[in-house]
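First comes the structure, then the notes that go with it.
To keep things simple, chains are lettered A, B, C, D, E and F as they appear, and every chain counts its residues starting from 1.
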C-alpha cells in the first residue's frame, strides 16, 4: 500500500540517503532504525508530506502522495517529536479538537473512555500543562485509541513513557497491525515489537 | 579644472550624489568578489576534508 | 466544514479566555500608545485634533501587528499546527477560523474603545462615529493581511520585529484611508467620507477571499 | 526547444554561461557609463545659461532617474523569477530572484539618496513627503523585507519559497500602496496630474540619461550574475560537477 | 568575572550577527514607524515639526520594547537560561552582559539613524544633535528597565503584549524628558536643555545600578 | 554529602510526596524511579534549587542549599529535559559558553577532544540546529566529559540517544561514580546501571 521509490533526501548540504526503495503492505509494522542523525525523522516527515524529498516518490495505494493531497491525510496519522497538544486545554478538549481535525464526530463518552484506557483517569479535565512529561505524551497518544486511519507514522513514541504505558502502546500497535493497518515507527529503545509482520529498515552506513 | 569640481557652487550636492553612487557600486562589486573567494576557499577545504576522510577508511 | 470552522474558532476563543488577560492586553496596548502621544507632543487642543485620526490608526496598526505574532506561534511550538496541516479539511478554512478568532479578540475591542480615544483627542461626535466604522471595516483587513506575514515568519528568531518589517508597509493603504476618512469627517463633512468607505470595503472583500489562501500556502512552506 | 530551456535552467549549465557573460557585461557597462557621464557633464552645458536656466545640480538627474527606474524594474524582475520558481519549482529561478534583490535595494537607496541631494538645492529640503518619494521609500522597505525574510530562514528551500510568496503578495499590493499614497483623498483623485513627460526633455540630456540607464542595467546583469554564481556554488556544493570544477581549478 | 561578562556579551553578539538581519530589523522598524505618521497625519511642515520629537521617542520606545521579547525568551525556550542561573558567578553581571549586548544591537543603531529621521520631520541641526544625545542616554535606560519586564513575563503566552503593558508606563519619564529636550532645543534654545539631560543621566545611573539586580531576581522567580 | 530531610513537594494542589528522607554519600548513583507524573522531575529540580519545596530541607555537605547559594552551584551539574544549547552556535561554541559558566577556563583543544569523545567528530563546527535530535543531546552531554562538579543531576539523559551513545554515557556515569562523585538520575529505559554503589528511590504509590 505504501511504496517508497528511489527516494533521496538531503538536509542542508548533507545527503542523508538516496535510492531508497521500500514497500510496505497492509498488516505490517516497519521499524526504521539507524544511528543518531541517520535521517529517520526526515524519512518519516517525508512519508507524511511534511518534507519534500530531493528526488524520488512516495506512493499510497499506487498514487504519488503529492497528487493525493488531502485524501492522503485522511488515511494518515502522524505522531512526531512534539506532542501536538495545547497546555491550556484539558485532556478531553485536546482530544476533541484532534479528532475533529481527523474528521470524526465522537461522543463525549468515547473521549473519556479513550483517556481512561491510556491511563489518565482523574487527569482528564486538568489543563495539560499541569501534567508531567510522560502524562502529556499519553494525552497525545489517546488519539491512537480512536484513530481509524490505516497508516500510522510514529516518531519515537516510547520516549518519556513508563513501563505500563509502553506496554499499552505496544498493544495498541499490535491491534492496529492485526487489523490490517500499517505502522511506521522509530525507536532507540528495545521494545519487543512482535506484532504481525515486522519489517526493518536500516538507515545510515 | 577647479571650476569643474566646484560645479557652480553645488559641489557638495553633485559630488555627494555621484560619490555615494560610486561608493555603493564599488562596495557591491568588491563584496561580491570577496564572497566568491570565501565560498571557493570553504568548498575547497570541505572537499579536502572529505577526501582525507575517504582515504582513512 | 462548518463544524471544523466552529471547532477551531471555539478552541481559540477558549484558549484566549482561559488566560483572562489575553483579551485585554491588545486593547491596553492600543490605549497606552494613544495616550503616550500627548505626553511626547504636548497637549494643545488643536494639535491633538489634527493628530487624532493618524495616531489612532497608527496605534491600531501596531496593536494588531503585535498581537499577530500569537496567531500561529503558540500552535507551532507545541506541534498542534503541524497536526492541523495534516487534516483532510480545506486549510484555508482553518486559517480563516483562526483569523476570525484573532480579530474578535484583538480587532473588535479597538472598535469598542474608540469613543474613549476620540474624547482624549477632542474629536467631534460625528468623527468618532466615522472612526468606529473605519476601525470596524479596517481592522479585519489588518488581521487578514497580517496572517500572511505571521505564517511566513513562523518560528523565526526575532519573528516579532521581522513581522513588523514585512507587514507594516502593506498596511499603508488601510492607514491612509482609515485616517483620511476620520480627518474628512472632522474637517469637511461626513457625507464626503463615502468613497473612503467604499475603498476600505473593497480591501476587506479582496483580502477576505485571498488572504486565507495565501496564509495557508505560507504555513505549508514554513512547516517544511 | 523545451529541452534546451531545461538545459539552461539547470544551475550546472548556467554557471559557466554566467561566468562567460559577466566580463562582457562589465565591458558594456563601462562603455555606457563612460559615455553617459561624458555626455552628461560636457555635452549638456548649454542648458546652464539662457532663460530656462538649470543650475549645475541638474547633473544629478543622470544618476537619479536611472537609479529610480532600475529600482522599480528590478523589483518586477525579482518577483517574476520568484513567481516562476513557485509555480515550476525550478531552483535556478529562486536563485535569480535572490541574486537580483540586493542590487535592486542598492538602486532604490541610490534613488532616494540622489533625490535627497537634488531636493536640498532645488526645494530647500532633503526630504519631503511627496508621493513619489514616499513610494520609493516604501519600495525600499519591500526590498529590505524580502532580503530580511530570506536571510532569517536557515533552510534555503523554505527561505526561497517564503520570500517568493512575500514578493508576490508585495507586488499585488504595490499598485494599491502607491496609489493610496498618490491619492490620499479619493474625492480629488481625478485631478492627479501627470508630472513629467520624456518628450519635453532636451535631447542631449535624454541621451545621457538613457546611456546611464542602460549602463545601470548591464551593471545589474553583471552583479546579479556574479552573485548568482556564488549562490550556485554554495547550494550545489554536494554535486559532482562542483567538485570537478574545483579540481580542475576553474578560474572563470 | 570580567571574563564571564565578556563571554556572554560576545555570545549574544555572535548569535545576533549570525543572523545578519537581526541587527537591522529593530532599526528598520523604527524607521518604518516614524515614516508611517506623516501618512496618517498629513505632511504639512509645521505639523511635522511639532510632531517630530514625540514621534521619534514613541517609536524608540516601541522599537526597544519589541526587541525586548528576544532578550531572554530564546534562552528560556532552549534551556540555556536555566543553565545560566545555575552558575556560581554573580547573576546580575550576567544579566548586565545580556542587556549590554541588547542595547548595542537595538539602541545604538537608533542613535545613529536619528539624523535621517530629523530630516524627515524638518528638524533643525541643533535639535537633531540634541535628539541624538537624548537617545544615547535614554535608550540604555529603556533596555535596562525593559529587562525587568522581559524577565517577569518570561514564558507567558501573550508575553509580548503583556510586556508592553508592564513596561510602557515605566518608560514614560524617559519619553517625557527625552521628547521635551528635543522640543526645547527646537523651539527655545539648546542651553535650556541642560536640566533635561541631568535628569536623563540620573535615570541612567540609577537603573544601571538597580535594574540588573532586579532583573536577575525576576528571572529566578520566572523559572521556578 | 547530599541529604534530603522530610521533603514535601506539591504541584498545583496535588501532593506529590511528603516526608521524603534520602541520604546519598560520595561514590553513589541514586536512581529515582516512578510512574509518569510521580514527581521525579519535581524532585530533581528541587535538588538543584530550581523548585522551592513545600516543606523540608535539602542539605549539601551539611548546609541547607538555600544558604549555600552560588557555592552550591559550583558543585552541581544539572541536565534537564531541555538540552540547554543554542541552535545558532556550533558545538564548540556551545561548549565554550557552558564551561565558562561552570567557571572553567579550557583550551580549544580540550573542547574539540570532548566533542570527539562524545561521537561528534566532523560536526563540531556546524550550527547545532542542523543536528538531529540525538546529536543535539550529545552536544549537551559533552559537558559531562569536562565537568569537575561532584554532583550530577540528570533528568532522563538517555532519551533520543542511540545504543552507542547510551553505552558511552553509562561509561561516563560509571567513571564519575568511581571517582567519588554523586549521580542522581531518572530514566524509564532499562539501562544497566552497575557502576559502584547504586541506590534506588521509588516515588509514587
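Just so it is clear, a contact is a pair of C-beta atoms (placed from the backbone, for glycine too) under 8 Å apart; a residue touches a chain by one contact, two chains touch by 3 or more.
It should be emphasised that the depicted structure is a prediction, and the values quoted were computed from it without experimental measurement.
Novice: Just grab the chain with the largest centre-to-centre distance to chain D, centres being mean Cα coordinates.
Specialist: Ranked by distance of C-alpha centres from chain D, the top chain is F.
Novice: Could you label the chain C-chain E interface same or different, taking same to mean over half of its residue numbers are used by both chains?
Specialist: same
Novice: Between chain B and chain E, what is the separation of their C-alpha centroids in Å?
Specialist: Comparing mean C-alpha positions, chain E is 33 Å from chain B.
Novice: If you average the Cα atoms of chain E and of chain F to get two centres, how far apart are those centres in Å?
Specialist: 37
Novice: Round to the nearest whole Å and give the separation of the Cα centres of chain D and chain F.
Specialist: That pair's centroid distance is 55 Å.
Novice: Can you give the whole-Å distance between the Cα centres of chain B and chain C?
Specialist: Taking the mean C-alpha position of each chain, the two centres sit 42 Å apart.
Novice: Which chain F residues touch at least two other chains?
Specialist: 81, 88, 127, 130
Novice: Give the residues of chain D that touch two or more other chains, as numbers and ranges in rising order.
Specialist: If we look for residues of chain D contacting two or more partner chains, we find 141, 144, 148, 152, 155, 157, 181, 184, 237.
Novice: For chain C, which residues are shared contacts with two or more other chains?
Specialist: In chain C, residues 19, 74, 77, 157-158, 162, 165, 168-169, 172, 176, 224 touch at least two other chains, as defined above.
Novice: Which part of chain C faces chain E closely enough to touch in the complex?
Specialist: Spelled out, the residues of chain C in touch with chain E are 19, 21-22, 25-26, 28-29, 32-33, 36-37, 39-42, 47, 50-51, 53-55, 57-58, 61-62, 66-67, 69-70, 74, 77, 157-158, 160-162, 164-165, 168-169, 172, 175-176, 179, 183.
Novice: Please name which positions on chain F make contact with chain A in the complex.
Specialist: Of all residues in chain F, those touching chain A are 11-12, 34-41, 81, 123, 130-135, 137-138, 156, 159-166, 188-190.
Novice: For the complex, which residues does chain E have touching chain D?
Specialist: 19-22, 24-25, 28, 32, 35, 38-39, 43, 48, 119-120, 122
Novice: Going by the contact rule at the top, pick out the chain C residues touching chain D in the complex.
Specialist: Within the complex, chain C touches chain D at residues 148-149, 152-153, 156-159, 162, 165-166, 168-170, 172-173, 176-177, 180, 184, 192, 195-196, 198-199, 203, 214, 217-218, 221-222, 224.
Novice: For a test of understanding, state which residues of chain D touch chain E in their complex under the given definition.
Specialist: For chain D paired with chain E, touching residues are 116, 125-129, 134, 137, 141, 144, 147-148, 151-152, 181, 184.
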